[in-house]
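The same subunit A turns up in both complexes below, where it pairs with subunit B and then with subunit C.
On to the complex of A and B.
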């Protein structure tokens, strides 16, 4: 946020709605208008809301479909100087269809000692909890499902449900590797949840709100103007230290390299998902990718100006997707380039490093904002 | 502070209906995939196919055993810090407004939060010293505990 806004306090904040980026019309209402469903009273509104949710859900599912069977292979292949999938369709893109059919038509083998209800529910919990977070993310071009006032807290709360699914998967499989993986997953998630939320809070100090739409609007203010080019006050530029902290904590929270100890293939086979096959494996795998994208969406929204970018506001969704794919690319880069940390190192980095640093960041941000004001 | 116009107040309720709709979609998609898979997949029951995977060896013992989680102290610590973050959110939201108000000084806006965080950091320092924030205790620490 610029110095002028900080000095102006409330007055400047109320001047913000003039910013054109943020649509105040949410997706359900827009669909209601476009299809004429809003003329049918409550039932029509509910149907329009469901349609909007369906669009958002499937948009994320489509991105996961591209990322999982195709982009992940291509990126890893590029890092290791290989070609990867290239036979089906242009650049091997049709492998997505082939792989979906292949994975879904695998036999479902359920281990004999599994705890049945928990074993079956875990994949659903992992996949749904990730999808739920996207409800409050403003994706630009009018794709924004809901904008409650507690948006940021809601996103953190919902993405935390996934750890429950991982523990369920780990414990109910009745497999030693799975249990170790589940135990590691919960230890890791609780170690990095606090730094994540505390660092997110340092953004709330600037924005003065938890509402995602307003956090995005607050970042549209120009920070500095260099040679006629106005640089927006994205919080990654205002507070780069918080951005780096959040990025690291987020990689740990979604269990990506170098923090992928819960499923470390060279140590505990596949961790909590060792005993999962067929559609259950697909759901857990899908949930993991959705969580990477949800992490990317949170980073894009609170640090990178959400759907903001050059060009008309209608291009918002394009910029937003570029940003979250940037975060996804970073996870794949780290996967190819950085060795995994040991589980005891991971815990110490979380509790003794990131936690202390995130509190230092919060207090420093508060003091600096206070003194500047 | 609320920037959204009056028109959006009418839709205040719709936010949570939309989130509920996404929850419904989020459950329908996995169930849809499970149905498709149910229709596609073969079932070839074989003896020992369902045995617990232990790298190809015959599984020994179960997982329903008592295990020592040396890490449980951290779980307690997590609950404390998590509640703290929830309590800090309202402060973070109100902070700039408080600074802008002329009758509230910087010390009054910042002081209570610093005190609140300081108390918890003392707790963290204690946990750090006793070795609670570690994945496993070193043999020497276990030795000290036993004595």
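On to the complex of A and C.
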């Protein structure tokens, strides 16, 4: 939000005048202008920022609301020869309301020996760590809360806080299954965070910046032009190897199939979330979906050109949402089709496979980029 | 002992009754022949001696069953032995003990499976087995008063135990401060226990150190109930409720075969063909469920493969519904045949069945693509849950579990009944001894069953209309001669499902004992999972395909 940041964004724009994809004005400033709040100094600026954050947060939560009770069921059902919810409203959409009422009106059962402050904080930490990440994601159509120079590092940092929440949940529940789940979550997150960040770094080598806005702008350059159709240099196309590595590490990082060992129903019941009910359960569940979407948002931003897509730039948010839903769809596809790996195999894949590959990718990218430029 | 059998050599497959008598020699106090096998009465302190000789020198390597019962003047333990190589070779070892002091030597060192069996005999009948390594109750709670199948037991007596005396099975936390292990109760309520099973597990990190299955949560006194029903009609509905996941007809056949042999009832050939077809349909349904739930255990969610299994099983269920009028508790077999002929119009039924059989190969290919061909599935299932053939035999494992360990044992071929003898099909075995082999065996058995059904349908279609006898003439009241004893078994979905019956001259059995394949298979779980990871324990449990209704009876 600082002047320097915006100026940096403008510089990038000037370098690529043909594609004005990236907004030069961030959402809080625009709101400040539109509502006249910018005339009230620091207080007004703060209020405008809150308003903007409120809009982005609600957009994400609304998507989660659609994904959790409805889309997940429908997608899984389509994969497994079933119909799923179809009684309430068109295509069963009103199940979202029914489920919200159901979940929120359930009794909150707290285990006797629960470690209270930690037990209560864990769901909030899990859910909020994901929400924080969206602050620096450029979603197109002017929806971009902040564009700090260390954007990518910030996203990895805040989403990493979720591990802390999972450990708190696992430990504070005073349940052995939760404990096992919490331990698995930590082991898994440590093993996969490194390949995730290292692979992310290979993108930084291409873009030459950690700033999300500029990473998106850099991908707008045409890669090749075939018969008048210009194919943008999305990093998923420039370096598909890194894209696949990142995708795999991301599934492990957010604990989705085939890497859902921290929850592992049938083995350890529900892992760290075994003892959570009612609102706390909703928060943890929300947090998981938010993390899937955040993972999708990071993938969309650094590999799939962010909000880029055919049509006017105003459609950016639509393309962006389609891209993160694509990632969500992939998680559900995997969930329906792929077995879960065992915890020791998971750790082995992380340390012996992905880590080595991600370093190889980083070095190779650095060498190639160095030679080419 | 001049037995005519040389020590140290491979035990012969064929042993005559005289050779057996010579082998046991003067340790046999008397003969007590059963309908299915010669029986030798021995002293309670000769048990291990005699069983070791029978196993090592006469080749009786399969303790199929142990029946305990109380007579007016004595207790009796019957060890039903047979051979994995040839199950028609049978011998019963009868061990009487006095009523005052029912103490008998344990057979556990000779056959590991005697461990659970003797616990059950102690629990329900009240015989003490001297030297037993773990003399606890097995089906009833630790605090139960009395032994329900003993003669003096007062069934009216309330089983009230004060709260302080009551041992809570999930309470003890076997944690000592010195060790780094963690005690974990898996079940009785757990997503992967396939019913109410409680596994007391000790973990070292994620590694399983000790496993102790605690069963009995679904004990419904099935043996007792069968003892109170009349042979002719009142017992047949019960077998449906043992292995209740669509193996109903297979279970009914176990009772039908035993009772028909006991009362010497003929079954018309036409009815045998229908029985064979119905039983194999049940086997397909049961194996589909086994595959689906195993996938559920390994995949961790209600995934495509689970739902596909359910979808295809549904077709079989519809066919069975057409045939028997029921979807779950068929009650279709009768002594001397089946309840009724195929549904009219017959062509429609045949067409429906053929449609299913024609579609099956494509579906099996789909399973192979999705399940057995999946690399993650393979690394999860290869070399986990190892059950060596020798261990499997010690625990009396049968069915797909034994065949997955390379034991070529299938009662449909080795101890023929029904119409199996006249049909073309193969017994499937795999040598991997692991979870993957057991999956493969079930998958291929589905195909073999389809072959059998196809041949049955062909036969039934061409059967002359005036020879379609579904039942032979069976007297309204059956009263087999008093003190006739028989043990008979069939190849159910899970393995050798056997029944021991003793008639007491009335129209109800004097003793009715069920030999449950799941009971034996489950007892081998600790051998398969100790030293492996928790997920492997769950996968091994799934690959055993137990149904708690049959384990606990």
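Everything below uses one rule, namely that the second predicted complex is superposed on the first by the 357 of 373 C-alpha atoms of A that agree within 3 Å, B and C clash if a C-alpha of one lies under 4 Å from a C-alpha of the other, contacts with A are read in each partner's own complex, and residues count from 1 in each chain.
Here is the rule we use: a residue touches a chain if its C-beta (ideal position, glycine included) is under 8 Å from a C-beta of that chain, and two chains touch if they have at least 3 such contacts.
Being a predicted model, the structure only gives us computed values, none of them experimental.
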Residue contacts with subunit A in the superposition, subunit B compared against subunit C: B
Subunit B versus subunit C as contact partner of A:176, first or second or both or neither: both
Which of subunit B and subunit C A:81 touches, first, second, both or neither: second
Touching partner for A:267 - first (subunit B), second (subunit C), both, neither: second
First (subunit B), second (subunit C), both or neither touched by A:343: both
Touched partner set for A:335, first subunit B, second subunit C, both or neither: second
First, second, both or neither for A:101, with subunit B first and subunit C second: first
Touching both subunit B and subunit C, residues of subunit A: 176-177, 269, 343-344
Residues of subunit C that touch subunit A when the two form their complex: 182, 184, 190-192, 206, 295-304, 306-308, 311, 370, 374, 376-377, 379-380, 533-536, 538
Of all residues in subunit A, those that touch subunit B in their complex: 6, 9-10, 13-14, 16-17, 24, 26-29, 45-46, 49-50, 52-54, 56-58, 61, 101, 104-113, 123-124, 127-129, 131-132, 134-136, 145-149, 153-154, 171, 174-179, 183, 187, 190-191, 193-194, 197-198, 201-202, 204-206, 208-211, 213-214, 217, 269, 274-275, 278-279, 282-283, 343-344, 346-348, 351-352, 355-356, 359, 362-363, 366-367, 369-371, 373
Subunit C partner contacts - residues on subunit A that touch it in the complex: 76, 79-82, 176-177, 180, 257-258, 260, 264-269, 335-345
Residues of subunit B touching subunit A in the complex: 1-5, 7-8, 11, 14-19, 21-27, 29-31, 33-34, 36-38, 40-44, 49-55, 62-64, 69, 71, 74-75, 77-78, 81-82, 85-86, 88-89, 92-97, 99-100, 106, 109-110, 113-114, 117, 121, 124, 127-128, 133-136
